[in-house]
Amino acid sequence: MITLFIISLLGVIAMLAEILKFKKLLAPLTLLGLIAAMGAGVSEWNNPVFIPVFNNMLLFNHYALAFSISLCLVTFLWFLMAQDYLKTETAITDHYALILFSLAGGIVLTAFGNMVMLFLGIEILSIPLYILAGSRKTDLASNEASFKYFLLGAFAIGFLLFGIALIYGATGSFELNTINQYILQHPGEMPAFFYAGILLIIAGLAFKVSAAPFHFWTPDVYQGAPTMITAFMSTIVKIAAFAGFFRLFSTCFVSVADSWNQLIGILAIISMLLGNITAIRQDSFKRMLAYSSISHAGYLLLAILAINNHSAGAIFLYTLAYAVASITAFAVLKKVYALKNNDLIESFNGLAKRNPLLALSITIAMLSLAGIPPTGGFFAKYVIFNTALTGGHLWLVIIAVIASLIGVYYYFKAIIASWFKPATDENLIELSLQDKLLLIITTLLTLAIGLFPEFILNLLS
Amino acid sequence: MTLYLFYFLSFLAIISALMVVVSKNPVNSVLFLIITFFAIAGHYVLLNAQFLAAVHIIVYAGAIMVLFLYVIMMMNFSKESEPSKTKLSQIVATVAGGIFLITLIGALHFYDVDMSPGHSDPGAGLVGALGKVLFSKFLLPFEISSLLFLAAMTGVVLLGKKNNDNS
Amino acid sequence: MIAILLVLFPFFASLLVLAGNAVSAKKAALFFSVLELLLTFYAYYLVRIQPDATALGCTIPWIASLGINFKLQLDGINLLLVVLTNVLLPIIVLSSFTKSYKNAGVFYSLVLFMQMALVGVFLAMDGFLFYIFWELALIPIYFICLLWGGEDRARITFKFFIYTLSGSLFMLLGLIFLYQHTPGPLHSFDINALYKAGQGLDVKAQSFIFWCMFLAFAIKMPLFPFHTWQPDTYTTAPTQGTMLLSGIMLKMGTYGLLRWLMPMVPLGIAEWGPMAIALAVIGIIYASCIAVVQKDYKRLIAYSSIAHVGLIAAGILAFNTQGLQGALVQMFSHGVNVIGLFFIVDIISTRTNTREIAKLGGIRNVAPQFAAFFLIVLLGSIALPLTNGFIGEFLLLNGIFQYSAWIAGIAGLSVILGAIYMLRSYQNSMLGEPNGLTSTFRDLTVNEKAVLIPLVVLIIGLGIYPKPLLDLTGPAIQHLINSSLPIIKP
Amino acid sequence: MQTIHNIPMNMYLLLSTVLFSIGVFGVLLRRNAIIIFMCVELMLNAVNLLFVAFSAYLGDTQGQVFVFFIMAVAAAEVAVGLAILTMIHRNTGSVDIETLNKLKH
Amino acid sequence: MNQLIPLIPLFPLIGFLIVGLFGKKISKNSISILASGSILASFLVSVAVFVQVQNSASHAITVNLFDWISSGKLHVSFSFLADPLSALFLLIITGVGFLIHVYSVGYMKEDEGFHRFFAYLNLFVFFMLLLVLGSNYLILFVGWEGVGLCSYLLIGFWFKNTAFNNAAKKAFIMNRIGDLGFLLGILLIYLTFGSINYIEVFGQAKFFSSEQPVITAITLLLFIGAMGKSAQLPLYTWLPDAMAGPTPVSALIHAATMVTAGVYMIARSNILYTLSPFSMQVVAIVGVLTSLFAASIGLFQNDIKKVLAYSTVSQLGLMFLALGVGAYTTGVFHVMTHAFFKALLFLGAGSVIHAMGGEQDIRKMGGLKKYLPLTYLTFLAGTLAISGIFPFAGFFSKDEILAHTFEHNKFLWFLASIASAMTAFYMFRLLYLTFFSGFRGTKEQEHHLHESPKSMTIPLILLAILSLVGGFVGIPEVFHVSHWLNGFLAPVFADSEMKTMPEYTHHGTEITLILFALSVAIAMIYLANNYYVRLGKRPPEEGAAIPPFQKVLYNKYYVDELYTTVFMKPFNWVSDKFYRFIELRFVNVIVNSVGEGVSWGSRTLRLLQTGSIEFYLLIMVLSIALILFVR
């Protein structure tokens, strides 16, 4: 809870920074604030009094805390990475504020205990991003991205709300626990529209997590939005959306899993295959990452599908590993983009000669995303497969295996480009201290998650 | 009596909603949408949600639609400049809409819906009762939604400001 | 304790080489690999004086909540392969002394890293750990091939990577599947637990596991028809990479088959073993025939390697003492021989700038020593008695013969076909009148002799006195068979 | 008031469904982004109606409170949406969604 | 005393190592002394061992060196067995080997590969000794393949010549075909008896009943090995080609020792063969057919060494015939006598070739009697021996074969008689064409004609003496003398004897047979004399029209061509198709097309991402509709 306060407060402070003229202090303040937020999360963790606050609106249990901390951590890394970008923006304070508000929305999503909070959380998470995606106002691509994201998002929210309404109609409550109780008390008596409601909610959330076939916005928006915003979308939004998705289904609908897990399975299959296959022929690195993000949504859905003791831990580990690797990738992309002014994979050519750290980082990041040991991505994938197999979804895992094989293909394009292809420009690339620090931290984190995953895994089991 | 009112309002809502969709002129669409909103507000009254009906009119008809109208005026749309889809796209859209309607209705099994109205407190829809719930149970969401407004406000300002970013 | 040292030493060596001066990288790498070799000999000594080698291993909890341990154990079977790895590695490093690779520090660091992963694969007795090392071994070799390889390397090495990865992912699937059938709620990846779990499954499940794991091993070896990555990769990789791939890495597949598949799914083997043997034997004939028409020397050896490995696989699948022991001996011998052959081809190609057999000829006239060494390595490779190749091949055929005389007969055709393509290529390159390309062929340098002499000593020495290998593997093989045979043949 | 006793719940369900579908239909049919927004609003209104109806039939005020939040969010969303549209109009002079297809494949 | 046995192969091995490793650095004289000396040392030890074996009670001495291969129940030790059979072979190998070494010193004097030659030769002797000394089948196999290797190296000794290299390769590969059969036979022995040790295997085999399929299979597989090594039908074609090697090699390897390894192996396994009459029958028939076939080819060959090569094949056929009819001793006897006279003939031929400056075509020789008297005389001795003229060595052994065959099967006897008649004819044809009439070579050649040096002629003389007296170890009992060889070898064949009813040849019949064979041989000699000396006929020149029958024989029944079309061409074709079609167009394509398929899928699927919002919306709506519908 304190985490949420700190972040919200930080957002408000950021808004005021321009007026009160302490723009310069904003960056350190935000970073400190994020550390404080994480600290608050940790301290709450150690005092396990999980009282539902405000009439069950939010419940900061270990699940919520873990994801909140993880969100803050990734945001922290994001801020480290995005400093250059934010500095060039005129509306710097607005950016800070929007990002922090979005993060607050994400935290709400990790902890909600009521459908209202789910709805609000999604909206608070999304609305700043609708705007940020379009923050390059004269850039048509950015405009288009913003518009697509917004329109499709609003449309999808409509379905989500329709679903919530139907659930409400069937159970008479918005509270997750009450709904669950109601379902358990009326086994087999739920009206048909209740199930339709679940499906509509899935459709709405599938849009948020960019699972196929509700993924269409993803590549376009990722490509059109400013790179740093894309990084934010592909990491924080993903974590938060999945945290919310899983929280809803694990607390609310787990007792009627038969009615929806087939759908989740199908969405997972389509996402994994479509995301990975389409990514192969992309020239734009960002767009490729967008498709990769779709495929990762597919893997994560497997954990939701096989809801069991391990699922929460699996999703947590997976999203964290994915986010850290993505941040690395975007950090490198940022550097490449600054030199070449495009995000083509070709632009990575000869990176190893120009700056080995960049090449090494991107390599580790890509290995992690591809799920190759000893990186975090591998272990995350392992845990997901394990979870899904525990649920008995052998065929889905086989498809997931095939899909991740296809995935290797495009992740390695970046590796091959940086190590093997000759560079057009042989000059060395200078890295700022901040960038170096960031790359080293994320790379080490990626390896650490892969080698010593137990700590993270045990947080939520 | 109320049943007829219900049918009338439903008919009005559906027809005007359809007109929103099919009118060539955007301004007409806006006006039809306002009619729809009124019809829905009527339903709210029927459903004992008097306060909500009022808010509905104020927020939607009063604020949101005015915003729409304002933008439409600002952009100077007319019937002539209104883009329309090819026949094929229109047919596809219609068919898709129809399919969606049918499957949704089918999925809801709405003939089976057999709900008897609960004990209805006549004052439930009044401002006092609502306020009590809103400021007790839903206090947190109420507060949290301020974040949303802040964000939206900041964002709109960010986007609306004169173009001086250096991209 | 020695086990963990064997794994970690090359890792730290790799870091040191990476951090150190690139100029002295090759010397440092040689130094470290020789130290590791000495360590290996010490391990050999320990295993021989201590029949119960569990004390030499270690079990360190790693991810305890998932039943994953850092468990390394030494026994005769894997020690043999560790010895192979660590004997060949100094030779491989030495073989690169005349070359000057760009970024030598990185190159040798990768080589040593690879050594770590290989030793790890052989020593790991935990399914998860095994998989991790299995994949770890892939990364350095991928980069070695990618960065220092020949023409079209990006495409070919990538194909190699994705091909092998596809197999190993299915292996992971199989391992997880097994893991979940270990007694819960805390499952275990311990090899013995996995054995038990696998043996307890029904035929269908065992068949599934069989194919999952077999695919990985078959691709790694490679067996027909999963071999198409191999000739290209061998051809494109830098010579040291090819040596690592063919000399050691290939044994990961055969070792996996022996250790991680055969005892695990007896019913699956009973169901599909014959088909796997059929594939192996078809591969022998098929690859041998193809080797006959190869024009490129490296490619020829690549195909011959497929044939040899097919025989090894068939011997393992026959699953009897002679077959298994033959397979192990042959793994060792094949490693030595194939490295020798690739080194010889490397000498030819660096001196003449071609690997095309037809363009060569008459080298024996100008380089008699080279020709003599080549002949010995070649004889080892075609399994002439009193060379190491014969011991393995005889035991293998013996094992296969006990399984089926007809299959042994067909597999034995490799004896003839091997002679055909090897002698043909030897004749075309070494004999006859020298031509413009070969008339200035320089005979062996001291450095090259330093590589070839140990190989030749191993080839002949082990052919005459294979006892060290046989005594080492014998008890372990017997143990393996005793612990799983009652189930395989009820 | 006991008026709603005469009207079965499923009629409201049907009405909401139809209105929602008309909104969806409009979104699919039109090219003018503003009209599309309006159709989205229509969809939200259909949902609102459903909430209120359920609220009335369940005798529970929470549904109505939820509608408040939807309205609030809808207002914010419209503001943001129109801001985005204005920005686009400023850059392209059009709000035709068919012109917004530069990002693809 | 037992420790002596390992010395026998050790000496040549040491010789090989020293000459092989340091041959370039030491003088030719030292090499000659070292190489020949090591064989002589072996010979001396062999004599000692021979005596020891004869005197020992069990007639068998086993020496265990070390455990070679030990795997599960399979134990193969590196151990030697000296018994009468191996002792006899030891003497032949080291004795004849030594003479040939000495001969080679002179013959190879000018060759630049002098040290290489002796290294190989020593290595060969080493392997040959392993072959006969081994106490189990695997050591036998080691020697078996080892001599094959040396044969390969020596046939291709002049490695600049592509034809020679081809011949070497052919020999090796054909041998390998046989070796595979042999190896499988060994494996089957192991499977049947649980051991491959002679003593254990034969000890168990004694108690087997006759005509068990597994024994038949074993013996037939072993016989395949023998076919390859001893150049029997259909694996004989390598041997005539093997004459590409230096002539001493032909004498040692391709006449006296290596090619008789098959005979040794069958004689060694006699108990197994005895248990399988069917296999015996096969051996006999293959033997006699080979003999006949090769002899008929020999009739019209013009290369001096080729004639001898075909005669070797033919003689080997006779040896197998002897084995096949159960006359193991006789087979071994013929090996011995054949070693003497065939080595002599080859060395004589070598002397001729040496004198002719490398010329091997007998059409270009003639009248050499007066230039090379010593060579002529010794060659005559050899020719008489091979033709079976009393009292030369060949007479005794060959007549024994014929006698046994007659007893066994009259038809086989008839065929064998034809073969030996042909032998007498073509051998004398060779003799007459080479040494009689006038010289047909060039003036230059004539000018250079000279008798060979002493190091060459002395071995010739010694071998000629052996060819003359060698047969006396096996004087038929019809002459009321005890058959010494029979007695000596009896322990080896004792078990077989017990299994079969001994066939007693009536003495009267035997004398009749001897006289018949003699008269046929003499008739043939007369015929040859009449045709080539008196009438002075010459073989047709290359390209001249010859009668079809003769042409077929001259071209060796076109067997090489047949093999090329039936085996090599299809094999190459298949290999090529494997590579071009199955590998490149099928297996590769399947694998690649998976990749291409995915790539195609990617190209296609990315088109889904049209960029059009309407489309995205439409898909969303339709998917939701579908989800609801399916539900």
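Here the chain labels run A, B, C, D and E in written order, and each chain numbers its own residues starting at 1.
Keep this in mind: a residue touches a chain if its C-beta (ideal position, glycine included) is under 8 Å from a C-beta of that chain, and two chains touch if they have at least 3 such contacts.
Note that the structure is a prediction, hence the values are computed from the model and not measured.
> Strictly by the touch rule at the top, which chains does subunit C share as contacts with subunit D?
Where subunit C and subunit D share a partner, that partner set is A, E.
> Averaging the CA atoms per chain, pick out the one whose centre lands closest to the mean of every protein CA shown.
If we average C-alpha coordinates per chain, C lands closest to the whole-structure average.
> Count the C-beta pairs in contact for every pair of chains, then give the pair with the highest total.
Max contact pairs: B-D.
> Specify the chain most distant from subunit E by Cα centroid.
Between subunit E and every other chain, the largest centroid distance is to B.
> State, to the nearest whole Å, the distance from the C-alpha centre of subunit A to the C-alpha centre of subunit C.
Roughly 42 Å separates the two chain centres.
> What whole-Å value do you get for the distance between subunit B and subunit E if each is reduced to the mean of its CA atoms?
Their C-alpha centroids are separated by 102 Å.
> Taking each chain's centre as the mean of its CA atoms, how far is subunit C from subunit E in angstrom?
The answer is 38 Å.
> Taking each chain's centre as the mean position of its Cα atoms, how many Å separate subunit D from subunit E?
98
> Scan subunit C for residues touching two or more other chains and write them down.
none
> Two-or-more-chain contact residues of subunit A, please, as numbers and ranges.
116, 120, 123, 127, 130-131, 134, 137-138, 147-148, 151, 155, 166, 169, 193, 195-196, 199, 219-220, 409, in rising order.
> Which subunit E residues reach two or more other chains?
Residue numbers touching two or more other chains: 606, 609, 611, 613-614, 617-618, 621, 624, 628, 631.
> Each pair of chains that touch: what are they?
Result for touching pairs of chains: A-B, A-C, A-D, A-E, B-D, B-E, C-E, D-E.
> Would you tell me which residues of subunit A are touching subunit C in their complex?
367, 372-374, 378, 382, 385-386, 389-390, 394, 397-398, 401, 404-405, 408-409, 412, 416, 419-421, 453-454, 457-458, 461
> Tell me, which parts of subunit B touch subunit D in their complex?
That would be residues 2-3, 6, 10, 13-14, 17-18, 20-22, 26, 29-30, 33, 36-37, 40, 43-44, 46-49, 52, 55-56, 59-60, 63-64, 67-68, 71-72, 74-75, 77, 82-85, 90, 92-94, 96-98, 100-101, 104-105, 108, 110-111, 113-122, 124-125, 129-130, 133-134, 137-138, 141, 145, 148-149, 151-153, 155-156, 159-160, 163 of subunit B.
> Show which residues of subunit B lie in contact with subunit A when the two form their complex.
104, 107-110, 112-113, 115, 136-141, 144-145, 147-148, 150-152, 154-159, 161, 163-167
> Under the definition above, what is the set of subunit A residues touching subunit B in their complex?
These residues of subunit A touch subunit B: 8, 11-12, 15, 53-55, 57-58, 88-91, 94, 97-98, 101-102, 104-105, 108, 114, 116-117, 120, 123-124, 127-128, 130-132, 134-139, 142, 166, 169, 191-193, 195-196, 199, 226.
> Mind pulling up the subunit E residues that touch subunit C in the complex?
Residues in contact with subunit C: 66-74, 138, 141-142, 144-146, 149, 152, 156, 159-162, 165-166, 169, 172-173, 176-177, 179-180, 183-184, 187-188, 190-191, 571-572, 574-576, 578-579, 582-583, 587-588, 590-592, 595.
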